[in-house]
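Could you have a look at this structure, given as structure tokens, before my questions?
The letters A, B, C and D name the chains in turn, as written, and every chain counts its residues from 1.
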Amino acid sequence: MGALSILIFLPLFAAFLILALPTSLKGSYKYIALTFTVFQLALSIYMYQQFDPTLSGINTIEGYQFVEQLPWIRLDLGRIGKLEIDYFVGIDGVSLPLIVLSTLVMLMSIGASWHVEKSTKGYFALLMILNMAVMGIFAALDFFLFYVFYEVMLLPLYFLIGIWGGARREYAAMKFFIYTLLGSVLMLLVIVGLYFSVVNPASGAHTFNMILMMNPGNYVDGSFFGFIGNYHEVFGVPSRLIGFIVLFFAFAIKVPIVPLHTWLPDAHVEAPTPVSIILAGILLKIGGYGIIRVCYSIFPDIAADTNWWLALIGVISILYGALNALAQKDLKRMIAYSSVSHMGFVLLGIASLTAEGVSGAMFQMISHGFLSAALFFLVGVLYDRVHDRYIYNFRGLATIMPTYTVYVAIAFFASLGLPGFSAFIGEAFVIIGAFNAESMLTGVPRWMAVGGSIGILLSAAYFLWTLQRMFFGQTRLQGGEKWRVALTDLDTREKIVLLPALALALLLGIVPSLIFHHLNASILQLLNTIKPYL
Amino acid sequence: MTIDLLLFYAFAAMAIGSALLLVNIRNTARALFLLFIVLFAMAGLYLFALADFIAITQILVYVGGVLILLIFAFMLSNKELLHDLQSVSHRFITIPRWQALIISGAFLSVMLYSVISWSQTMPEWIESAQMAGTVISPSDNNIQALGFRFMTQYVLPFEIISIFLMMALIGAAHLSRKEQHT
Amino acid sequence: MLELLNISPITASLLVVLLPFVAFLIQAAFGRRSISGNIGLIAIILSTILSAICVFFVVWNGENATQRITWFTIGTKSFSVGILLNKLTVSMQLLVCIIALPVHFYSRAYMKGDDGLHRYWMYLSLFCFAMLGLTVSINLLQLYIFWELVGFASYLLIGFWFTRDAAVQANKKAFLINRIGDLGFLIGIALVYAQVGTLDLVELFGKSGWFLNDTTANITLQEINKDSAWLTFAGLAFFLGAMAKSAQFPLHVWLPDAMEGPTSVSSLIHAATMVAAGVFLLCTVFPLFNETVLLVIAIVGTITAFSAAIFALGQYDIKKILAFSTISQLGFMMVGVGIGAWDTAMLHLATHAFFKCLLFLCAGAVIHEMSHFKTHARLDFDPQDLRNMGGLRHYMPKTFVCMVIGALALSGFPLTSGYLSKDSIVVSAFEWASLHGNFYLAIPVTLIVVSLMTAFYIGRLIFKTFFGSFSFKQHTSTAHSLHEAPGMMIWPMLFLAACSLFPIFGLQPLTYQQTWLIQGFQVVLSYPVIHTAHLFIPVGLTIGAILAWVLGWQWYVKQKYPLHANNRWVRFSNRQGYLNEVNDVLFVKGTQRLSAALYAFDRYVVDGATKLVTWTMQQVAVVAYWFDKNIVDGIVNFSANTTYYIGHLARHVQNGQLQGYLGFALTVVILGILYLIIK
Amino acid sequence: MITITHFLVVSAVIFCIGLYAVLAKRNAIMILVGIELMINASILNFVAFSRYDKVNYGGQVFALFAIVLAAAAVAVGLAIILNVYKYYKTINPANINELKD
């Protein structure tokens, strides 16, 4: 059992442990979850240390590290062939930072769940299962395995939102579930199509192996998703394009793009704080990761054809999300829309097909991961105290909660892309990459880059407006004196949860090579894969 | 129209008429006496079929045995039984008389149809018997022939039937005795 | 000491930048315990000394120096950070230090007793770090980072009194408008990077950092057609950045509002250093500009200079007048860049930094004393309003002298530094315009008019503040009278006043070409020198300025004011040309409406579509359920019921009655026989 | 001339009357009587056909057998009826419906 498998299945073990312990020991659940997550974080950092940044990954199996490949399901289906599903995990430069991010965000989420009262056993067990699924998604290299983890992830989230959520939790949970399920069901269709189009040259059987799917040589001539001379069409659209669009659609729901984003504000607003943290910190990244790992790597030819549209969607998401955030009166909803805007940068960067853009997009994902986690946590702090997060109900919080204001201000400025913080590097390089796209002839025009950069301005607008409206000025609270008493400053636990995220934002903003160094080889490999089709 | 045919019709009419009256009469005691007439009439009919011994046996066994037994049984059952006989079932689905009538009528018509259609062509063995002349004639000594057959050809069934008869009588006696040990 | 002097200019420059940052960190760590500001003060003193001795004198008289380290690598491209020391950067760095130093001293007295003093020093150190870092950045990306940090520090300082609504509105406005500029800057960077492939100033512009035809400069850039569209766009984008930061029309609206911050901050950030960063940026990337961009810069500069001067005429707030005057002077600098004589722009930047800082500090002293008086006399008036002042020269003679020196420098009287720099721009503009002829002449003419207006409004400020009689004279008594500002404030003012005189820039008091700055930069001018202009224009300007002052004297001191306060033009000027209102209606409200509309769109159309789909599905489900219940299930139920009834009927057959069984058996037999018969 | 058809018709009529009695009567004894009628009808058939079998006398022999069997059956049947009456206090078969589902 390699380090990666341990990383994936540790939380499952924790979940079993929590389920096995009697309810009389329910005080220990959070400590168990915490211990395992800390250990996971340590393990992921160890992997980060051991990672060889010169290896590229993407479509070369040699480039992956911590690889484990075990036959999982082998079924002889007679005439149809042999079913070949592997337990196949491994990481490259794209997945490594996301795994480290996930362990960190998970830890933050456990920290935020410290005061959960309602059926803690189920809560922490679900959280741990979710944790396992997320790790599995980022590590899986077998498409079937990927899909299994992808589905496993859904269920805990549904229950976490649906049971521990806010007032309209059932609605939000249902909406989230249906949206995501729609995506994954579509994904399954393409997975099956790909399975029948690809053979493992070693065994001659059809395979779910993603790495093999990325190699044009492994496609059966004349198969549905075949690479060369593929004349299959669905409603007059080439089959490979259909496959790409369907997969993109599945991941785009996760990202989310406009107009598939409507699950996000509801889910974020209704979810309990720890789940919001996970949603924003990890879940959205699965969309971006999936686009890079699956859509772009398996369909490089289509990726080269469609990036104009993807970039357009990205720009629309940026502007649309930012303008919507500007109109919000609920703090959490505003942050949810800002996520839409920030994830639009990810899409724009990926679509730019330049090293700067894709790296910037990855960086933006990491940065948004813990910044949005911190933002949601900060909202949770306020909500915990007065059970209100309507922006107009607060004013002049800086006077009564100075430390909190400092943290909020740092998180806000970090999110709006102040240099020195990670979001700046991400956004700036997405913009630079998008500008560079025209020089690299990848087909993304410069006006889109300009459009994207206006998003930076708008993000400053809504964050500053909120800051000014809620925190500055004379103290005036909707709830009067009662609120003033309830609104105590941050306590130590909250500081401990927040500090790593903000410190990391600062650290990555100053030393971005921590990410870029491990990313470069993989990104270049990805671009080299796509380049012949441009 | 010969005299024997007239007599046959008379016997047949007596049998049928009595039987009809038998089934329709309310009083069971009368019905049983009507059965007496029917059995006599039937015995008369046997004579026309040149089975004198059978006719005698009919009278001996039926009238002398069965009918007496029936009357005894009827008399042995108490008075309640007599009232109970008149009770009419109020159940919706039991077979009312008309249903029995229909069934038996249908059965009769089916049988008559078969008899008539069948009688157009006599079975082969009857034809051959008539040809060969091996037909019982009124002058034959039936009793001797029967006795001879019983002791030779039908000795095994004869013995079986006698054992069976004994078993039946013992069984009947056993059933009808008072149960002391219970 | 000698070893200290021998450290390399690079290290020294790095120290200059990092010392305030260290001060910032220490103060941040100390929090409320560090209210004296000593840490920041020591840092800036050391920085100034190092900057002057170890950096400026070494580099100005010697070789350029560069040093860079790789910051990170993206793909195959490496981005480096480092320090570029050439004459431009070292002079700018020194200037920032020299301005920041007296402001620090001044702040000790000015901000004394404020509740958030620890924050003030923290922010001030942060600003110094960012501004000093900006000056010596070698990489455009690095420059951008400091550029934004400067804006951030300015945001913090404008909103220093965060409980005041006006202050937090102002800092939001400042940051947002600066963000527009930042976008321009970022787009410029992205364009340059996309086209040339590097952001390193040395790689772009050669060793000296500002000559494109240097042999070491980037070959690609040299071969690029100067008129190509992307270059124009990039130039305009950079200029957009500079416009916001240097408060050029129409993005100047944040600067007057920014006066909500402490006056010491205004003097340092919004008069001398940060707002000049835009000009500095343009000078840094000057080789990128082609004719079109330069013309745009010149025109915008002229418009700014003119409009701001008009707005300055109608202001009553002492700081706002100075703010508009700053904008106006920044317009001058822009014109300097636009006509290609960026050395004159730099000269004006330097001189302006001193005398404008001085003016602000003096205004600060006045405001300081006025508010003290207000508190003591328990009066309620606006301590910044000119109309509440008058006759202050009797109470604050030293301040009066300092301020007059500043005002004279601003008006461009001979023997002051302002004379040199302002004339240099006007004269250069005239020479440039006479080369191109026609409409181009409008620019120097406008500049001359603006110069006269400048003299007039600053004269108005002086007369209204220090002459005439004090409005609240009846309230003054020995217990609470107006008095001179404390020494800690006077000394920095005196120092700056000394710096506003000509000797600091050149020994020749009347010819700007002789100033060491102009000589140091050695800019190759694209137009011929017109010697008569060098004579007539300065003389004309001086006479005009004197006349303006005399007019001001007549109007304000002699009380012969010809215009009514509600005059349309006065109101237009006072309301800043209604630009804020236009801005509010057009952009702020527009964006708000757009966002509200989009949110409505999101809620009702996008989410509505989702809901519609859900609703439709529900309805379909209802129909399907109905169908299922009544048709599909109906069939099932029907057959089941039929069976049931048949079974129920048949059940009666099974009634346990022998006769019944028999009857049925016979029925079947009959049916069977009938079947046989019929068959 | 009395043909076999005459006998058959009379036998069929008697048989059906017996059948009717079996089906319709509410009295076990009368049912037994019905059965006797049916047996008599069949004996009549035996006898009638026996005329053409001089060799074996099968009809008459089996007629005798049938008479004996009928007597035995009546004896046993009556015994059973008496027992049933003791048990159910009725001999109406309609009331004896233990076989009902």
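Brief remarks follow.
In the analysis below, a residue touches a chain if its C-beta (ideal position, glycine included) is under 8 Å from a C-beta of that chain, and two chains touch if they have at least 3 such contacts.
Here is each chain with its UniProt name: A = Proton-translocating NADH-quinone oxidoreductase, chain M; B = NADH-quinone oxidoreductase subunit J; C = Proton-translocating NADH-quinone oxidoreductase, chain L; D = NADH-quinone oxidoreductase subunit K.
Computed from a prediction, not measured in an experiment: that's the story for all the values here.
In terms of Cα centroid distance from the overall Cα mean, chain A ranks first.
Counting C-beta pairs in contact, the chain pair with the largest number is B-D.
Of all chains, the one whose CA centroid is most distant from that of chain D is C. Between the CA-based centres of chain A and chain D the separation comes to 94 Å, rounded to the whole angstrom.
Averaged Cα coordinates give chain C a centre that lies 125 Å from the centre of chain D.
Chain B and chain D have CA centres that are 6 Å apart. We define each chain's centre as the mean of its Cα atoms; on that basis chain B and chain C are separated by 131 Å.
For chain A, the set of residues touching two or more other chains is empty.
Multi-chain contact residues of chain C (touching two or more other chains): 655, 657, 659, 663, 666. Touching of two or more other chains is recorded for residues 91, 94-95, 99-100, 103, 107 of chain B. Here the chains touching each other pair up as A-C, B-C, B-D, C-D. Across the interface of their complex, chain A is touched by residues 71-77, 141, 144-146, 148-149, 152, 159, 162-165, 167-169, 171-172, 175-176, 179-180, 182-183, 186-187, 189-191, 193-195, 591-592, 594-596, 598-599, 602, 606-607, 609-610 of chain C.
Those residues of chain D lying in contact with chain B across their complex are 1-10, 12-21, 23-27, 29-30, 32-34, 36-37, 40, 43-44, 47-57, 59-61, 63-65, 67-76, 78-83, 85, 89-92, 94. Of all residues in chain C, only 652-653, 655, 657, 659-660, 663, 666-667, 670, 673-674, 677 touch chain B in the complex they form.
In the complex of the two chains, the chain A residues touching chain C come out as 175, 258-259, 261-262, 320, 323-328, 354-356, 359-360, 396, 398-399, 413, 418-420, 424, 428-429, 431-432, 434-436, 438-439, 446, 449-450, 453-454, 456-458, 460-461, 464-465, 467-468, 471-474, 511-513, 516-517, 520, 523-524, 527.
Chain B meets chain D in the complex at residues 2, 4-5, 8, 12, 15-16, 19-20, 22-23, 28, 31-32, 35, 38-39, 42, 45-46, 48-51, 53-54, 57-58, 61-62, 65-66, 69-70, 73-74, 76-77, 80-81, 84-85, 87, 89, 91, 94-95, 97, 99-101, 103-105, 107-108, 111-112, 115-116, 119, 122, 125-126, 129-130, 134-136, 140, 142, 145-146, 149-150, 153-154, 157, 161, 164-165, 168-169, 171-176.
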